[in-house]
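The structure is given below, and queries will be raised subsequently.
Naming follows writing order (A, B, C and D), and every chain is counted from residue 1.
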């Protein structure tokens, strides 16, 4: 049949690679954050582009989801997995010239654990660790004594909240952005524009680019226009919809780079709000829809189905457990729960161009099960303050690139600040705890898979699909690579 | 300015010649003729008057002399010539030259024809531009012209804007503007219609004097036969776009041949008529003497020391008057003298600020309250008829509804009864009851005025206040409406307060006259006594300014204005410090003897 | 005359005050408050309560309003709870930027529309009028955002001569913003011109049919002189109000266009503040807009005085 | 003595009394502008009302296989990113625009007319106070008022009607008041006052019938603004909820893809523009027919 994708010029698979010109300025358009935007990694919610450029972590994730060295060169646990020793890189300097030592790493960790700061990462780390457990036996060694055994601990430090900041910089780091990263901060205004310039003293060597400029733009269309008009080179934090991606790919200035499975889309049901307090209703909502339809309508196939499991299919702990679509069963479940002809509002916004198509496709898909979904458009600017975690049903997405343990703990554990479905299941929490403490790799995997099974069966999140992020970038940009929340800042450059 | 006088003696060819001129405008694809086959000639130095009823095409003809046609109309046949040149054959430049040098127009309403945003001096100066004079000379000329048209204190006045001048002054500026071009032909389209009688007389004097002095050829458009008899050498009578009669003014005005002209002439009220004139179809007029109001007729309304204020201006100032049943009391006076204000207070639209106003007779009541506060029965006893027939009827309501509403409102009648009564009322005012389904827009002015009267009668009033009810009507229609009022008065024993500035009309219809000036009564008395004098000087100036088409001293044009008879000092019979009482109810307010302060016109 | 001006001024001040009250009252109704907005996703009830206290949100609205208006009179609009900075510091640059568009739009639109309107009026029902009237009709019928989108497509993407969006911040120097002003100006001018042209045309036709213009023509003076000296002053009189209304509309109503161009103007700020529940900023915008509105009307009145001696000299039949 | 029967050229007198409706229709037919304008509006109304008959496709069903197609025999104007037929959506699109705009305009004009007439007739203090308040409302930028109302009450057709009413009523009041002030001093109103009639009957019998034409023109013109305003709201994301086929929404959904799929954007633009043109032409034609001075209505 004539599919849209066939009728269109196909969308390029990856970014162009090659030897870039020395220097150059990369201009990035990004969605504006609030005026409260900060460069403090422990606290930051939106400044990903800055963080990756300015800081380093102890450990980072490679493209296969494995933890690899960054500022820590090697690490090892004791036998129970409750004491971890990190060997730190020598000869690393912060942008202000001070030397990086274990004191900085310890300060960073303790800060995250500080309840006054209320770092989002604290909910992940504080069950394992207290500030007293962080030790600095020598400048080049960091020892961490966990409260409970955890064999996944290094992976948890790869989160973007765990970027290392200089010892004692807590009050000013939000504005100064002093780190050990390949770029140093020149200019930054919260929610507005900013500029970072190459840091010659970076331990991995100087980056190719001279500078990166960031511009904030509310409207996706404005961002796209800026790209098409050659005013910017890259659209960050922006997944273009298929139609727009085609326009960009067809233009002379710009093209598209696919970042495979870079984000997953969710329709979170708030388990504390009617009618989703009833797990039968949640199950029915999941049984009623066909993720393939959503993938086709909303992404034109540029992704893979999610099967309500947020752990990406190609990562180590993934389970293939699925719920078969069954509208009749869904209808029966609803009837059982006393919700015949269920009518729900599904909130969406133009914050991301895929939200609305996904919502509409979901609406279409569940009509068979007698569920009447009304799609409600909310304002993009206040979407994450007025709708997310407030409305019983809405559309949202997450970036992949989190280790499974971090993901499951952060988004599904009872009481976690990112638990968008407000789901609380002690069995699930217990499973995670035992998985963390299990030294045996296989057993650990099974436990994590068991936890995922619970998420699929009982949880509030419908995860219809993982999407390739369709990133708009100038044809001048070379070596664009993105994983998780950061680019390959060292090698990205402009065509000579 | 002497080339014209050469023409005057040298050639006998007519300066203006109009031949078989027809003008039409297109409406909904049809040609509607406005002027049909008009021909005339005017010789140099002569004045031709074009008369006729409203809409007969007078202005259209006059404008063709400036090669001007109203938007949408065109010439269907004939030609207009000035000194042998076809005006409608001229190119644009030719037309401009014609207007700049040969023909000038003085319009009806100077208030509208002067540009509001320009100083009047500049506007006069503009007409001098085509003569390419140096600036200083032009200024001097303007000043001369201003003096010539009799603008007081010209230096100062010329720097004013039009709205800062009085109507008379505006008209003088318009005349100066016309004269500035040093035209050969002057077209005057109703130059005095918008002015009060006294000012009208002065302007006409001015025009006559200037025409004679400059040897101008004039075309004067007017529907006022008095003005025509005063100014014209020749007269052209138009009706429905065609000429019905033309000839020497004296002859047409005294011995008209065409019945229409006779009718027109006969319908003009005259100052010497001692009653209303009745005019037959063939134009014979008989004056029906007024039946005098019986001495013992009871009072209908009495006013004592009534004052009315508009904010801080005192419009009516201590008026004491009395109106008896079956009597017509006329209020006369110049514009702004407070006539309408007094009438409105009587009708309950504006509460007086002092004095007493009482209604006598079957229903007694205090009239010093506004309509809504008056008892219904008092309210209905005083009714108002309006001046402007166009605005006095709701254009969206048919005639029957207009009359039915007060019937139902005052009488509480059922709709059927009210409908029946409305038809009766309409035939009472001599209207075909079949017209009752029409909208006011589909009626003629006279018919509309009759509906207005019928509406007033619907309340079954005792007193009718008629504010300039015939001013906007053509003479023939005016005569019929006046006759109607007279008949109603007799049949229904109505008392009328009749407001008019046309003294001839007043003389015909009124029993008594009160002359107002600046809100005060300056003279009051039976109509005969007031018109025969002696008078207050103000009354005298009003009476003297009246022009009469049949007055031999007026015909032949160019005569000097009637000499202002000096006011006879009335024989002092009383010892009232304010009033001279001349007996028979005729009294005159005492005035300061000495030179009357010249009024600024 | 002086009395008139004084009364006019007093009523202007009253109008501004009244609008401030209205806006304040309306804004109080906004659901969710700035405290939750600032704390965002991690808001705990205690934190919100603390912040509300710190931000003074717990005192009676009337008191807050009075204090605020007293400050506003001195040009001090208080602190923005969202950014923590003085409102005035954010407001002025945005206002300046919008004024940049507004002034150029007014300049372009007024000149163009008066010329076009006069031409259309003079050539009534002939081809210049037909063309102008058709164009204005189209101008009026296409929403600004469509116009803006088409302009970007045409002049920024297909033929990249002008920037499609503004990358600069509100505080950028004027010179940097100038290229970005062009497209919004065109988009807005088209709409505004359409309205003014029609008014001017109608009014020119009316005036040209008037008696004094006919009289002037019959005086034999040239047509340009008739138009400029006699007709225009009166014809522009009703147009003045339209222009004033349009200018006032520009200041508040450019939100959509600013949105398309990412232009850091008052409209952008307004949208943002509504979303952030940044009440002080909203109130400041409303009062400033009301002030501009009132000033525009005052200016129109003064312009009318200049054009109409009847008003200037106060005499005549005005009651 | 005969009075000449003279027909007024603008309302030719006919022997037969005419029904006012018949007369109005005949007057309308005389103006080509009004005919074209009203024709366009009626056409839009008809298309919106008959949409289900005109097209069998669903305006909301997603068909991923058919997404982003160019014009073809099956889809005359192609399909959008979700595979919906553009023509179908445009045809249905009028329903939302017309219903909401007409409801909003009707509310604003009705309320404005009542207030405008009443204040003109009453005059005095009431008039002064009301005009002051309305002036204050007018001084607030409409878009701000709209945003506040929509944020307070949430976007929905009823809210939009309310918001538009709030924003436009003052302007209608100004226009109607000015028109009524032209009628109030006329003699027939004076006559009614002299009879001592109450305000309401005067308003209904004498004033309103003489300004209906102003109101009608105001309605047409206001409607054109409201249509544009509502589409702007949809554009900003405060209008119809997806998948409602609404022109403003369609434009904002598809404008990104304008280069590859021009029709998905152009078709709703054209639909919107023709409706507005129709309303404008109607307002124009009517005002010319009825000699309504539109200079007052620029606000």
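Note that contacts are C-beta pairs under 8 Å (C-beta built on N, C-alpha and C of every residue); 3 or more make two chains touch, one makes a residue touch a chain.
From a predicted model like this one, the values you see are computed outputs, not experimental measurements.
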Most contact pairs found between chains C-D
Determine the centre-to-centre distance between chain A and chain C, using the mean Cα coordinates as centres, and give it in whole Å. 43
So how far apart, in whole Å, are chain B and chain C when each is placed at the average of its C-alpha atoms? 50
So how far apart, in whole Å, are chain A and chain B when each is placed at the average of its C-alpha atoms? 91
Chain centre separation in whole Å, for chain D relative to chain A (CA means): 48
Sequence positions of chain C contacting 2 or more other chains: 149, 157, 259, 271
Send over the residues of chain A in touch with two or more other chains. 221, 251, 379
Run through the chains and report each pair that touches. A-C, A-D, B-C, B-D, C-D
Chain C touches which residues of chain A in the complex? 27, 34-36, 45, 118, 120, 189-190, 192-193, 215, 217-219, 221-223, 225-226, 228-232, 251, 379, 381-382, 384-386, 388-389, 417
For the chain C and chain A complex, residues of the former touching the latter: 32, 36-38, 40-42, 80, 82-83, 149, 152, 156-157, 160, 163-165, 167-169, 259-262, 268, 271-272, 275-276
Give every residue of chain B touching chain C within the complex, in rising order. 66, 68, 71, 95-101, 104-105, 107, 109, 112-118, 126-127, 129-130, 161, 163-164, 174, 177, 181
As the complex stands, chain C meets chain D at residues 11, 14-16, 18-19, 21-23, 26-27, 29-31, 137-138, 140-146, 149, 153, 157, 195, 198-199, 202-203, 206, 238-239, 241-242, 245-246, 248-249, 251-253, 255-256, 259, 267, 270-271, 274, 282, 285-286, 289-290, 293-294
Please name which positions on chain D make contact with chain B in the complex. 1-11, 13-14, 17, 20, 30, 186-188, 190-197, 205-206, 209-210, 212
